[in-house]
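So that you can tell them apart, the chains are marked A, B, C, D, E and F in the order they are listed, and the count of residues begins at 1 in each.
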Amino acid sequence: MSDHFFQPVSGMDLPRFAGIPTFMRLPHLPRGDARWADVDVGIIGVPWDSGTTNRPGPRHGPRQLRDASTMIRAEHGVSGVRPFEAMNCADLGDVGPNPADIQDSMQRITAFYKDVIAAGILPLTAGGDHLSSLPILRAVAEKAPVGMIHFDSHTDLFHSYFDGTMYTHGTPFRRACEEGLLDPKRVIQIGIRGTQYDSEDRDFAKAEGIRIVPIEEFHARGPEDVMAEAREIAGTGATYLSYDIDFVDPTFAPGTGTPEVGGPNSYQALQVVRGLSGVNIVGADLVEVSPPFDASGGTAFLGVSIMFEMLCQIAAGRG
Amino acid sequence: MSDHFFQPVSGMDLPRFAGIPTFMRLPHLPRGDARWADVDVGIIGVPWDSGTTNRPGPRHGPRQLRDASTMIRAEHGVSGVRPFEAMNCADLGDVGPNPADIQDSMQRITAFYKDVIAAGILPLTAGGDHLSSLPILRAVAEKAPVGMIHFDSHTDLFHSYFDGTMYTHGTPFRRACEEGLLDPKRVIQIGIRGTQYDSEDRDFAKAEGIRIVPIEEFHARGPEDVMAEAREIAGTGATYLSYDIDFVDPTFAPGTGTPEVGGPNSYQALQVVRGLSGVNIVGADLVEVSPPFDASGGTAFLGVSIMFEMLCQIAAGRG
Amino acid sequence: MSDHFFQPVSGMDLPRFAGIPTFMRLPHLPRGDARWADVDVGIIGVPWDSGTTNRPGPRHGPRQLRDASTMIRAEHGVSGVRPFEAMNCADLGDVGPNPADIQDSMQRITAFYKDVIAAGILPLTAGGDHLSSLPILRAVAEKAPVGMIHFDSHTDLFHSYFDGTMYTHGTPFRRACEEGLLDPKRVIQIGIRGTQYDSEDRDFAKAEGIRIVPIEEFHARGPEDVMAEAREIAGTGATYLSYDIDFVDPTFAPGTGTPEVGGPNSYQALQVVRGLSGVNIVGADLVEVSPPFDASGGTAFLGVSIMFEMLCQIAAGRG
Amino acid sequence: MSDHFFQPVSGMDLPRFAGIPTFMRLPHLPRGDARWADVDVGIIGVPWDSGTTNRPGPRHGPRQLRDASTMIRAEHGVSGVRPFEAMNCADLGDVGPNPADIQDSMQRITAFYKDVIAAGILPLTAGGDHLSSLPILRAVAEKAPVGMIHFDSHTDLFHSYFDGTMYTHGTPFRRACEEGLLDPKRVIQIGIRGTQYDSEDRDFAKAEGIRIVPIEEFHARGPEDVMAEAREIAGTGATYLSYDIDFVDPTFAPGTGTPEVGGPNSYQALQVVRGLSGVNIVGADLVEVSPPFDASGGTAFLGVSIMFEMLCQIAAGRG
Amino acid sequence: MSDHFFQPVSGMDLPRFAGIPTFMRLPHLPRGDARWADVDVGIIGVPWDSGTTNRPGPRHGPRQLRDASTMIRAEHGVSGVRPFEAMNCADLGDVGPNPADIQDSMQRITAFYKDVIAAGILPLTAGGDHLSSLPILRAVAEKAPVGMIHFDSHTDLFHSYFDGTMYTHGTPFRRACEEGLLDPKRVIQIGIRGTQYDSEDRDFAKAEGIRIVPIEEFHARGPEDVMAEAREIAGTGATYLSYDIDFVDPTFAPGTGTPEVGGPNSYQALQVVRGLSGVNIVGADLVEVSPPFDASGGTAFLGVSIMFEMLCQIAAGRG
Amino acid sequence: MSDHFFQPVSGMDLPRFAGIPTFMRLPHLPRGDARWADVDVGIIGVPWDSGTTNRPGPRHGPRQLRDASTMIRAEHGVSGVRPFEAMNCADLGDVGPNPADIQDSMQRITAFYKDVIAAGILPLTAGGDHLSSLPILRAVAEKAPVGMIHFDSHTDLFHSYFDGTMYTHGTPFRRACEEGLLDPKRVIQIGIRGTQYDSEDRDFAKAEGIRIVPIEEFHARGPEDVMAEAREIAGTGATYLSYDIDFVDPTFAPGTGTPEVGGPNSYQALQVVRGLSGVNIVGADLVEVSPPFDASGGTAFLGVSIMFEMLCQIAAGRG
C-alpha cells in the first residue's frame, strides 16, 4: 500500500480547477529530492520539440497535460485498479532543455533519466516531440536493448531529412536500432498510415524484423486481436511503451503536428493500452501533444487519460 | 393534426439565419399565456449551473441550443415522423434562476414546472447543469415516483461534495431517490465511464436496484441491445428521460464541463433515442451543454438533434 | 511515367510549411499556359458560394485546401500508388467568379471547364459550394449525359427555394437532370440524412430512378457493400464523382455550412473512395469546405486527403 | 413617458443570459402587429450579405447583435438618458431576404421599411452588409433626399465591380446619389483609410460635393472637432446615420469582412455618436458585423453599445 | 536583500515554457509551511466565482495567471526595481473554495487570509470574481477600516440582486462599507462606465463620500492627474488596492465576464499602478480574469503584468 | 514606370479570396528565374524559427502573410504613392530552411540573399523569427556595415542563452555588431519595454553607442518626434530596417511569441514607417508573426499593411 504522502488531492476536497497543477495532482519531487528513494513511478515532463520538421508546439505539452490531469480521479472505472495506492507515484518535474541546441538537449535528457533509473524509478514521460524517446532510451536501455510497443501513425524510422540531418522526430527509432537500444525483433508499430514519401522506412523495418501493423489491418482485425499479437512480440522481456498521440484520429486529437486522418477513435485509444496486460513495461511515454493546435485542451485530456491507463497497467503488472 | 399556429417557420421561407431564435422556430408562449391550454409539448430553457463543481457554463446553454435549433427541419429523415404536425409544440421560454442562490433557484424551477404539469403540458427541458433535473422531478413526480432512462458518463448518485454539500450536479438522483421521486427499480443509467473517486455511487445503485450499463458493456453489446433492456426496465409506467450531453464522446460534444473520453459517437447518440419506442415518456431533458467550451456550436447542434429525436419519440408514442 | 516537371516538391527537401502553396505542391499552370497540352489531371479551385442558402464560406475553400495539401506526400500508404508519377498533374489555378452575380459566375465556370475538357484534361475540382457542380457538368457532360456517384448528407434535388429561386446549392442536380447532363438511372446518392423539409426531393429521385442510400442503410451495410452497389449503378460509362464534405460527420468535418450529425467517420470517408475501383471517372469535385467554420484547417486536411484518394483512383484506372 | 409594455427586462430581475434574446430585451413586435402604432423607434435586423465582394458573414449579424444586446442596461452612464423611458422602442424582427437573389432581396427590404415609415416609426437597423443601406434609403428618402453622416473606412462610392456589377457593398452610396436619395452636399464620410484601388470613388465625392474626412485628419483633429463639422454639414435637415463597424480599428472590431488597420479605438467609436447632438436623425444603421470572424462576440457587443448611443441621441433629440 | 531561496527561476536557465507554473516562478509554500515566517509578500489564488451574476469563469483565473506569469522576468523595465530581491515573495497556493456554497467559501477565504496576516505577510491576490475582495477585507481590515484605490468599470456598490440576494460580485464594497471594513472617505473608484441599471450605487457612493472617477473624466484628465488625486484621497493610512481587469478596455482584456467598451488601453493599465508611489499598500488583488472567454491567455498576461507592477510599487514603498 | 508584368492582380478583377496567394498578388519569380534581372524590390519569405527560445511559430509566418497580403490594394491612401508602378516588385519565394539545424539554415539564408543582392534587388523579408535578420545582414552588409532602424519591444542584444548558446532570436544584433555588419552609432532601437532579466543588453548598447528609445519615452514624445531622431541617427548612409511585430501592443498583434503589453497601437505602427522619409533603405524585414497564436490572421494583416508602408517609403525614396 502506497504512502499517504503520495496520494493525489481529491476533487471532492479541493475542486479540480484549484491548486497548482502537478501530474495527476501528485506531489512534486524535483531532481535531487531525497524522497526519490521512495518513488515507484515518476512522471516526467520533457518540454522539447526541436526535432519537429513541420509544426512545432510539443514543448508546451507537459504544462497542458499537467493542467488536464487534474481531471483524473483515483480509480479505474472498468478494472477498479487504484494505481496511486498500489505504487508510490510522483511528479518529478520537467527536464530543462536547450531549445536552440539539439545535442545539448539530448544530453540533458539522458542525464536526467539516468538519475531516474539509478533511483529505481520507472519513468512515465509526457513529451515533447518524438525525438524525445531517443535520449530516454539511451538511459532506459543503457544496459541491454529493450522491446517496444509503439502506437503511431508514422514509423519514425527514416534515415535522415533535409540532406543529411540525422536527428528529427522522424528518425528516433532508426537511431535507436543503430545504437542497439531496441531489439527490432521485439518491436511492433501499430496504426501506421497516411501518405508516404517512399518505402525507405518500411524497407528498413522489414530488413530488421520490426512488425508494422498498418491502420487498415488494425481496423479490420480490431484492437483486441492486434494487442494479442503485440503481447506475443514483446514477450516477457523488458519492453518500452511509446505512444504518439497522432496514433489517434486527428478529430479526437487535433493538438498535434503531423496529423493523419482515418485513425482510431478515443475508445480504441484506451483499449490498446488495456491490451498490454502482462507486458513487462520498463518505461513509457506519451508524446506529440501540441497545445498551440488545440487550445481547448481536449487532446491533452485524452493524453492524460491514456497515461492513466498506462499507470493502471504498470500497477496491475506489479500487483 | 396540429394547429397551424404551432408550425415552425420553414427555412424555405425564411433563411435559417434570420429571425429571433426560439426552440425549433416554434411560437414563444411565455408563462401565463392563455394558449398554454393548447400546448401538448413545451420546450423550456433552464439557464442555470450553480450545481457545477468544476467548469461552469451550462447557464448559457438554452440560448445556444435555441440558436442551433433553427437548423432543424420539420420531418424526421428515417421515420418520416413530423412531430410538429402530430402535436402542438411551443417554446415556453426560460425559467429565471437566481445565479447566487441554489435553494431559491430550485424553488423557482419547481414552481414553473408545476404550472406546466398543471396545464397538461409534457416538458422537454434544455439545461442547465444536471442538478436542474432534481427540481424538475419534484414537479413531474409530485404525485408518484417515476422510472428513468438516463444517458450519462456519470451516475450523479453521490451523497455530497466538499464536506457535506448536498446539492451539486453530482448528486441529483441520490436526492431524487431519497425524496421518493424515482423508483430505483425502474431506473437505468447508460454510458457510465471515466475515472472514479471510489465506488460509493455504484454501491448505492446496487443497493437500490438501479441498473448501470458501463460504457464497455455498451460498446460490446451495441445500442440496440442495450435499449431493449432499457425498455424492459422502464416498462409501461411513467418514465422520465434524462440525457447528459457528456454521455457522448467529448470529441463529438466538447462543449461540456466534465468530459470523459471513450464514449459513443454522434450516430449512436441518436440511435439510443430511436430505441425508446413504446416508453411512456412523461418528461425529458437534455443537459450540460456548455457554450463557453464550444463556441462553434457543434455541441449545441448535436444537442438539438437529440431533442428532435425525443420529440419524434413522444409524437410516435401519442400517434 | 510522368514528366519530372510535374513532380510535387518533397517535404524532405523543402519543409512543408515553406513555399507558396499550390495543390499538392504541383506546378501552377494558369489558363492559357502552353503546358496544358501535357496535363492529364488538372486540379482547379472554384472559390464561389453564392448558391449557399444558410452559412456562406466555401468561397474561401480553395485557398485553405491548397494550404492543407502541402501535407500530402507522393505515395498512397495502402495501395502504394504514386499518382504524380502515373499521370501529369497540375494546379490550373482558380476560376474567377463574380461574387455578386450567380448567372455570370456560372458562365465563367462553364467556359473555364470547356477549355479544360478541350485540352483533354480530367478536372478535379476544389469548391466552392455545391452549386459549382452544375456549371462544371455543363462542360463535362456537354456531349452526353454522365452517371454520378454522389457522397452527401443532402440530395440537392430540390426544385427551388424562397418562392422560386432556381439556382442554390440545394438544387444543382435537379437542374442537371432537367438539362440532360445526368443520366438519373446511373446516379447514386450516398449518406443522405438529417431532418427534412418534406419528401419533394426524394419523390423526384424515385420518379427519375436515382438511387438514394440513406445513412442508416450505410451504417448497417458498411462502406464496402454500398460501394459495390455504386460501382454496379455507375457501370462502365462516363461517371462524375461529387463529394460534399458534409457527407462526413460534422465532428470530423466541422468546416461546412449545412452539417448533419450522425455521419461516417474519417476512415469511412476514405474507404468509400477506395471503393471506386474500375469506375470510369471523367471528373470529380470536393465541395462545401468552409474555412470560417474551421480555422484549424482540419476539415481542409480531410478534404485534400479525400482528393488524394480520388487521384489514386484515377491513376489506378489509367494504369 | 414610455408605456410599461415597452420597458426592457432588467438584468436585476432576469439574469442577462436567460430569456430569448430580442434587441435590448425589448418586446418583439413582428410586421403586422397592431402595436406598431405605438412604436417610436423600431430596431430591425437585416440578415443579408449578398453584396459582399470578399468575406461574407454579416447575414449572421442580427442574431449575434441581439444576443450581445442583452448586456445593455437602461441608462446611459454619462448623460443619464434613459431612452426606453423617453420613447417606445421595440424589436420589429428581421426582414426575410432571399440569399440567392440580390434584386428580390432589395425589394423585400424596401417594402418592409416603407411599412415602417408609414407607421411613423424611426428605423434603427442592425445589418447586414453595407448594400443594405440602399434599399433602406429607398424607403427613408422616398419623398426627398436626405443628408448622411457616415462612419466607415471605405467610401462605398464605387461605380461597379467585376466588369459592371452595379450592386455590391462597395457601391450603395453611388447608387443612392444617382437615385436622388442622398443630397451629396449634406453628406460627410468619416474615417476613410486603407489601401486604395484608385481615386475613382474620391473623384466622384469631390465632383458631387461629398465631404471625406480621412483617418489621418480624424486622428489629428480629434473626434470632437470632426463631429462639429459633421453637425454643420448635416444642418437641420433630415439626416441618415450610417455606421459601418469597420470604421473602428479591426483590433476592436475584428468581426467584419473588410478590415483596415489604424482606425479609431472603442472609446472614440462611442464619442463620435455622442457628437451627434442636435442632428435631425430620421434613420440609422449599424452594419458589417460578421460573426464568423469573431465568435467571441466582442465586435457585436461594441456594435450594440454604439446602437445604444444612437438610441440615446435620438431620445435626446426628441426630449 | 532577499533570500536566494526566494528568487524566481530565470528564463535564461530554464525556458519559460518548462517547469510547473507557480506565480512568477516563485517557490510554492502551501499553508502551514514553516517558511511563511520569512515571507514578505504572498501571492495567493482565489479560484472562485460563485458571486458572478452573468458569465462565470474566474474560478479558472489563478491557474491561467500562474501560467502567464512564467513570462515575467526579474526587473522592471522602466524603474529598474527588482522586487524579488527587495522582498521575499512566495506563491502561497490557492484557497480551496466550495463552489456550491457561498457562505462556506467566504469563511474559508477569510480564515486563510487571517493566517496570512497573522504571519505578517502582505497578500497579493489573483482572483476569482470581485466578491472575493469581501472575505479578504474581513481579514485585512479586521482591526481597522482601510482606504481603497479601486480600478473597475463598475462600482460594485449595489445593495442586492434578484430580489434580495446580498452577496454577488456587484455588492462587495457595499457590504464592506456596512461592515466597517472600508473608510468611504478614503475610497476612490476609477474608470466607472457602461450602461447603468439606475443610480442607486452612485447615490450610495455620494452619500458615503466615495469618490467616483467616471471614464470620460479619466480620458479627459489622463492617468497621471487622476492618480495624483487618488494618492491624496488614500493619504498615508493603510490602503487596499483592488483591480478588476474589466477596468481595461475589453479589447485588451477580453477574458472577463462583464466587459464595458471604451476603457483604458494596456499602457494606461500599467500607468495607473505606476502612479501609486507612496501609497501605504496593505493588500492588493487582481480579479475577474476569466479564462473561458480568452483561451489565448492575453488577458492573463496583462493581468500578471499588472500584478508585477503592484509588486514593484510595494517593493519601492518598502525600499 | 513599372512593367505591366509586375502589376498585382486587382480585387476588382479577381476577388481577393481567389487565386494562389503570392505577396501582394505579385508575380512569383523563384530563385534562378531570368526575370530577376528586371526586379527592383524582391519580397522573400524566411519560414524559420529555430532561434525561438519560448513559443515557436514564425516558420508559418510567410504563408499567412502572403494570404493576408491579398487584401492590399495598389495605392497608398494618404500619400497616393503607387509602389507597384514606381518599381518592379516580385515575390521571390521562400528560402528553404533546415528546421533541425541552425547553422545550415543560416548558411542557406545568406546564400539566397547574396544572390538577391548580386541581382541588384532590394530585399524585403517576411520572417521568420528575429534570428533571421543575422544571416540576411551577412549578405546585405557584406561589403560595409550598415545603420539600422529597429522597431521592437526587445533589444535582441544579449550575449547568449542557456549556458552559452550564441544564436537565438535574442542575440542577432549582438552578433551583427561583433561581426561588423552594423555600425552601432547608426543604430536606433525603438519601443523597448517589458520586464527585463538584467541590464546586460542595455549596457552593451550604451558601450557601443546604440540609441535605445524605451516605450515610455515613445509614448511621451510621440511617433513623429521619435522618428525625426531616427532619421538623424540613420543619416544618409545605407540603412537596414528591422521591424519585429512585437513592437506593436499584443492586443493589436497577438500572433507573436514574446509579447510585451503596453505598446503602440496599429495607427502608430504605421506612422513610424511613414516617418522614414529620406532614409536610405537597403533592405527591410518584418519578423516574428506567429500564426499559431493568431489563427484569425489579424496580426498578419497588420504585418502586410506595415510591409506595404515600407514599399511606399522605398518607392518614394527612389522617386
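Worth pointing out:
Definition applied: a residue touches a chain if its C-beta (ideal position, glycine included) is under 8 Å from a C-beta of that chain, and two chains touch if they have at least 3 such contacts.
Treat the numbers as computed from the prediction; the structure is a model and nothing was measured.
Listed here as common contacts of subunit B and subunit C: A, D. Ranked by separation of Cα centres from subunit E, the top chain is C. More C-beta pairs in contact connect the chains of A-C than those of the other pair, out of A-C and A-F. Two copies of one sequence, subunit D and subunit F, touch each other mainly through non-matching residues, since under half of the numbers at the interface are common to both.
Subunit C and subunit E have Cα centroids separated by 56 Å. Look at where the CA atoms of subunit E average out and do the same for subunit F: the two points lie 38 Å apart. Of all residues in subunit D, those that touch two or more other chains are 13, 15, 17, 53-55, 59-60, 99, 161-163, 251, 265, 293, 296. Applying the touch definition to all chain combinations yields A-B, A-C, A-E, A-F, B-C, B-D, B-E, C-D, C-F, D-E, D-F, E-F.
The touching residues of subunit A, when paired with subunit F in their complex, are 49-57, 59-60, 98-102, 104, 161-163, 165, 167-168, 292-293. Subunit D makes touch with subunit E in their complex at residues 10-13, 15-17, 71-78, 80, 251-252, 265-267, 269-270, 296, 298, 301-302, 305, 308. Across the interface of their complex, subunit F is touched by residues 13-15, 17-22, 28, 45, 47, 59-60, 62-63, 66-67, 91, 93-97, 99, 295-296 of subunit C. Partner subunit D is touched in their complex by these residues of subunit E: 53-55, 161-163, 192-199, 214-216, 219, 249-251, 254, 258-259, 261-263, 265, 293.
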